[in-house]
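Chain IDs A, B, C, D and E follow the sequence of writing; residue 1 opens each chain.
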Amino acid sequence: MENASRDEPAALELKGVDVAYHGDIRILRGLSLQARRGLITGVIGPNGAGKSTALRALYGLLKPVAGDVLVDGRRVTGMPPWKFIEHGIALVPQHRSLFNELSVEDNLRLACWSFRGDRARVGEALERAYAQFPMLRERRRDMAGAMSGGQQRFLELGRALALRPRVLLLDEPTAMIAPRISADIYAFIRGLPAQGITVLLVDQNVRQCVQVCDHLYVLELGQNKVDGSARAFREDAGLRELIAEWVDYRIDT
Amino acid sequence: MGLLILNGLANGLIVGGIYALVGVSLTLLYGVLRVVNFAHGEFVIAGSFLAFALFSGLGVPPLLALPVAAIAFFAAGWALYYVLIPRLALSDDPELMSFLMFYGVSIAAAALMLLLFGADSRSIDDTFSPVSVPLGPIYVSTARLVALGITAVLSLALAWFLFRTLPGKALRAAIMNREAIQIMGVDIVRLSAFAFALATALAGVTGVLIALVFPAFNPFSGAEYTIIAFIVVVLGGLGNPMGALLAGVIYGLAEQMATVFLPQAMAQIVGFAILIGTIFFRPSGILGTRSRR
Amino acid sequence: MNVAIETRALAKRFGGLVALDGVDLKVAAGETLGIIGVNGAGKTTLMNCICGLYRPDAGDVFVAGEQVTGQPPHVVAHRGVGRTFQVPRVFRKMSLIDNLLVPVLDRRASDAELIGRAEAMLERMRLIELRHNHAEELSGGQQKLLEMARMLMPDPSIILLDEPFAGVHPLLCKFMIDRIEEMARAGKAVLLISHDLTSIYRLSARVVALNQGRIIAEGGVDAIRDNPAVIEAYLGM
Amino acid sequence: MTKALPRRTLIAATVGTIAVRRAWAEDAKPIRIGMTVSSTGTFALAAQSGLRGAEIWVDDVNSRGGIALGGTKRKVELVKLDDRSDKTIVPKVYETLIKDEKVDLCFGPFGSTLTAAAVNTTETNNKFMVIWSASADSIYAQGYKYVVSATQQAGTLLGRPGVKAFGELGVKKIAFAYLDEPFPAALTNGAMDEAKKLGIEVTMDEKFAKGTKDFNILIQKAKASGADVFMPTAYEGDQMTMARQLREMNVDFKGVYFVYGSQPQFLAIGKDALYHFSQTLLHDRINWKVTGGLTRAQMMERYAKLFPKAPYPADFQTALAYGAGAVLEQFIQEAQTLDAAKLKEAALKLNNKIVTVTGPYEIDATGKQFKNEFAVMQNLPEGVEVVYPPEIATAKAVYPIPPYKDRK
Amino acid sequence: MALSSRTLEPADRIYFMLAALIGGVLLVYFALVPFLGGNIAFHFYLMLWITMASAFNVAAGFAGYLPFGYVAFYGVGAFTTAILVKKAAVPIFLALPLAGVAGLVLALLFAPTLRLSGIYFGIVNLALAGVCRLTITNLPDWLTGGSFGLQLGSRAEPVHSFYVMMAVMVAALATILWLARSRLGKALRATRDDPDAADMMGVNVPRIRLYGWLISAAFPAICGGVEAWYTNVVDTETAFNTLTTAKTVIYAVAGGLGTVTGPVVGAVAMVWLDELIWRRFPLLNLLILGVATVALVLFLPRGIVGTLLRRKPQWRRYVP
């Protein structure tokens, strides 16, 4: 997997992106990252490092003040979020993105908005989600808001997968999820490249992230700190040392 | 007295239906766009004037004016959205500034109608035959019954749209989670423009119905409907369309019953009291479950 | 032990979500207690219950031995409690000096004296050059410093710090750690929430780990570091 | 300042004696009369209607060469400014008229509220004001020195003719309702006093707020009170709604009295207007023996000539304002000066000596108008007829009116 | 860093000089109007709007509330004055302060609404103004004069009420100048920016808000009284006219909320514009007012002074 050609443009790329709130408070400063095809790319870093901001900027939910967003090497900076679906790029944000007062099935149907007229395709998409998570089929008439946290997370994942995306962006998929279910989610993520899905995973859960990912970015204060293959992270230094390194570095400089 | 109460109930239902429509369009706007349309009443009255102009100019009966108003106001709403809202979204507090901006729109709209139609009250001299229908011991005007019928059909159609069709569900979804709807691939700008246009079209249609139910209107009647719309919207829960429909009927009944038992001049206080009481004791409205602020 | 903050069986829920579930906690004067836990573990809720922003559903809060449960924040503040927020909550459209004056407005001292103190404080926080700027014109890290300066103006005896290092530049971090150590040395009780362990290890002798509203471990830094429950909750094994 | 004007005109006259007549007329300084109109707001329609009346008078005077004053004929010039129906603008408007526009005297604005705000300014600046539409008695109770209501009868007298007419028709019980506005309130209060005096029972007395859209319940309440006659007083719009709702709900009274029931706007509602009683000052059936100004027919002719595009035909506001002009002309001729005190003296002296298009003229020392009584009309199938007072009645009242179910 | 120099920094000196300059110009200009034969009515209302917009600024700019029923204070003040003068024969110079007191009492009655915020506060305040109007409408006629309202019958000399209005304006501007520098003002602005944080800094938020609210309520009530005295008539229709609120809000926002000069500049500019419209386009005035409001929100949401200070933040210390 890691041998994917370096010449091929990345599925998704941030190039020197700056994002600012309230005029001049920079959240991201010249951040660059790439999600290469067929790989799981991880983004870790401490609170406030700008991980989620990077994802939101990638997905058009925030407008960069400088830098570019590229899809397959083509510049799409400023493209509104709803266009990303058309490019086969789906996002599962950190905060709940379900429509609580709609049924599970309606939540899935809404994801099919861009091809809502195509009944066959919509049916196919629903089937795909149900096949991934059979629990959703059982509860398809229930209100999304009535499900447990884990089930809601599965619905969000199923909803994103129903579209058969080429690229999936995940923002802290296991935050506030019980450990047992978290393990299921990581197992599921690990299986995605086999389905031909490129993954960009933002996570606080450093250990799991390092286990799951092929390539890893460490962010700090809205900037790239380190990046490299996850195997290098795993092998060259122990996990605890890794955390200690980037945290201690910060304090002692 | 019994007769009076019966009359009050019948009126309350009809008037309440109208109020429900006035409220539901305002609440849709707030829900999807977080925009407080202070000019809503003026939009409604503009609908009445459109019906008047069509009738007195071209002899088009009000019932035929309904689809015309729907189309014309939908188009106007669509255009107005692109003129006003994108720039408004840039301000520090768009929600509060929208209140102020639509204050201006309401002044301008009333002034425009004044220029076009003059200050005096207008009415549409088109009567149904028979003019009224006996319902048990009371008589109800045919025009009002027709309006009630249309209101009911419109409400059902709206409910069907919102709860049974995908675009309707998308609108409701946008109210529930404005960011998430964008990552579903829904163009939020177009959806918002559609919501604005739909709400405006509803306002226009309601205006035509008002011309049937309350035969006289003038450019300054708008403000009263704005207040009523606010009462209904707050009572039903901000951004809750079904709540607004229910609240409209409740408020219509309350208002009419108040006029039965209180002097007419006193009865208006009841409406304000309901509004204030709701915000204080049940800010999420009658159907609301979450408390906001 | 001179107990500065104490909570007894503190509980708070939001709708169906249990945010705090019977938390007992003591912080002595001069002590820095670290609180760790993942997002949603209840750290900030605990702080909000102590400083009066939330009214707990059950349990009690004591400040310097006196019960303050359910008292409004300004009353708790007058007992000598100061706090900062995870996302800095400065007074955006006020100058830095004015921001610093807010907590001491009810002091008897003359305006000139208070302004003098505020300038000295800004000097210490290296913000003096910006004293007439509006707070919203500061960077995130500078806003954190401003918040800390503002908190220190009335000379509180109890300090609640919510993620003071999140999003702060490394140079500023070091600076802030020094300030916090200074406070502890001055005999203030410090309650420090942090998401990352290292800064906590650096500042606190004693650490409490929260998970899903409960204390799952308590003790010295090294004990916590190796506590399996903490590793499970924190690192999601 | 007022003293200076005649002298200047005298010089102008002497210098201009050999000039052609037209040039002479231009040289003579016209009498400037200030007035406000409401371009917008509640009073816009009525104020503009009145303005047209005043303009007819100006046109008439000027076509006769002007008013003879101090040996020369001086034309009249109307200076109009906008008050937007806004009380807070009125003082500024009148001050501007007096100080910047240097008017010699003033016409009042429309309505009691605006007039009350205007009077303070004209009085403090010692200008004479001719009131044509302010009926509120309290204005005249303030002790103002230079105001005269030329044609508009005092408010408490306004409701009398209707009640008197009903008294003669044998009505025993009347239900009153009125809009919470000065004119309807004053009229209704006067009418109720008159009813009590005549021994007619008042079965309902209810005011309703501005903006009331639905009168169903009010009408039901009036019916439930057992009244023979229903007398709801408001402006045209509300009365049109009520007339329609009466029929829709099939509520029959023996008589219904709408103040504006004979106005063109009201008649536009068609069949629903039928049989209702009303009052007016201007109708082709009302023809006074005019001693001041044009007769009704002449005035209407002039209206048609001057305002071919007016949205409505002349109404009684037009007549009131026109009549006020005609009365003012007599004052000026009598006083031979534009001095406010002298004009007021002349106004008192002319009591009962003028009959204008709206009827005879009589004021008391406060300037309050006692005559110019309204005539009671009824919308009969063959047309609008005068049914009271008997002197000018053109038809016999239909009472009780036929119930809706018997009408075709 | 000596203490003495700190009490009056050069910036402060410029600040007060500017304040004195603006205040002085206003004072001299208005004081001379009656002597130079200027239009008293025009200038009377100009001062009234300056006062209204400035007082509104305390609620909106300092405390962060948008009272869309602001006219309630004005109307109640007008009626209080009229009733006291007409029915209780209270001399006008006593009645006017009492009108202010009535405004304060009303503000106290409205105080529970201060726990609402944003749109909710605005809507409730609007409804409360309606309740005030209807309450006065439903009071017995002998007291309020019914629908015609009351005529004070004072035959006021306009110049007297003119100078009283001037005194009220000066008092309002002085109060706000003081507020802008005072501890109360700082506390108010802190509660506006972040009430929770202010609370945790030991600021008694409800009480501070109430003080601001009271200041903001007293002046419109007195304005209503002075205007009643000036025009000699009070009626519910005009005393509670929503356009009064509209103009106050628009004038204040046009200048820029939160500064002392903003509402003054806004009122002067907009009243002047209104006068221009009134003379040139009498039929279009409302339309233009409405369109101007929309344009203001869209293109100048911070107002004239606010936008200037946004562009030149370094001037903030010098501009009152």
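In this section, a contact is a pair of C-beta atoms (placed from the backbone, for glycine too) under 8 Å apart; a residue touches a chain by one contact, two chains touch by 3 or more.
This structure is a prediction, so every number in the text was calculated from the model and none was measured.
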| item | value |
| --- | --- |
| Shortest walk length in steps over touching chains, subunit C through to subunit E | 1 |
| Most remote chain, CA-based centroid, reference being subunit B | C |
| Euclidean distance of C-alpha centroids - subunit A vs subunit C, Å | 32 |
| Chain centre separation (subunit C, subunit D; CA means) in Å | 76 |
| Distance between the centres, which are taken as Cα means, of subunit E and subunit A, whole angstrom | 53 |
| Subunit B: positions in contact with at least two other chains | 111, 114, 263, 265, 268 |
| Junction residues of subunit D, two or more chains touched | 40, 42, 180, 207, 209 |
| Multi-partner residues of subunit C (at least 2 other chains) | 137 |
| Touching chain combinations (by label order) | A-B, A-C, B-D, B-E, C-E, D-E |
| Interface residues, subunit C side, partner subunit A - complex | 38-40, 136-140, 143, 163, 165-171, 173-174, 177, 195-199, 202, 232-233, 235-237 |
| Subunit A residues within the subunit C interface of the complex | 22-27, 46-50, 172, 174-176, 179, 182, 204-208, 220-221, 243-244, 247-253 |
| Partner subunit E, residues of subunit D touching it in the complex | 39-40, 42, 81-82, 84, 86-96, 99-100, 112-113, 116-117, 119-121, 123-124, 136, 138-139, 141-144, 179-182, 184-186, 207, 209-210 |
| Subunit B partner contacts - residues on subunit E that touch it in the complex | 66, 68, 112, 116-120, 122-124, 126-128, 130-131, 134-135, 137-138, 242, 246, 249-250, 253, 283-287, 289-299, 301-302 |
| Interfacial residue positions of subunit E with respect to subunit D in the complex | 37, 39-42, 44-45, 134, 137, 145-149, 151, 153, 155-158, 227, 230-233, 235-238, 241, 243, 278, 282-283, 285-286 |
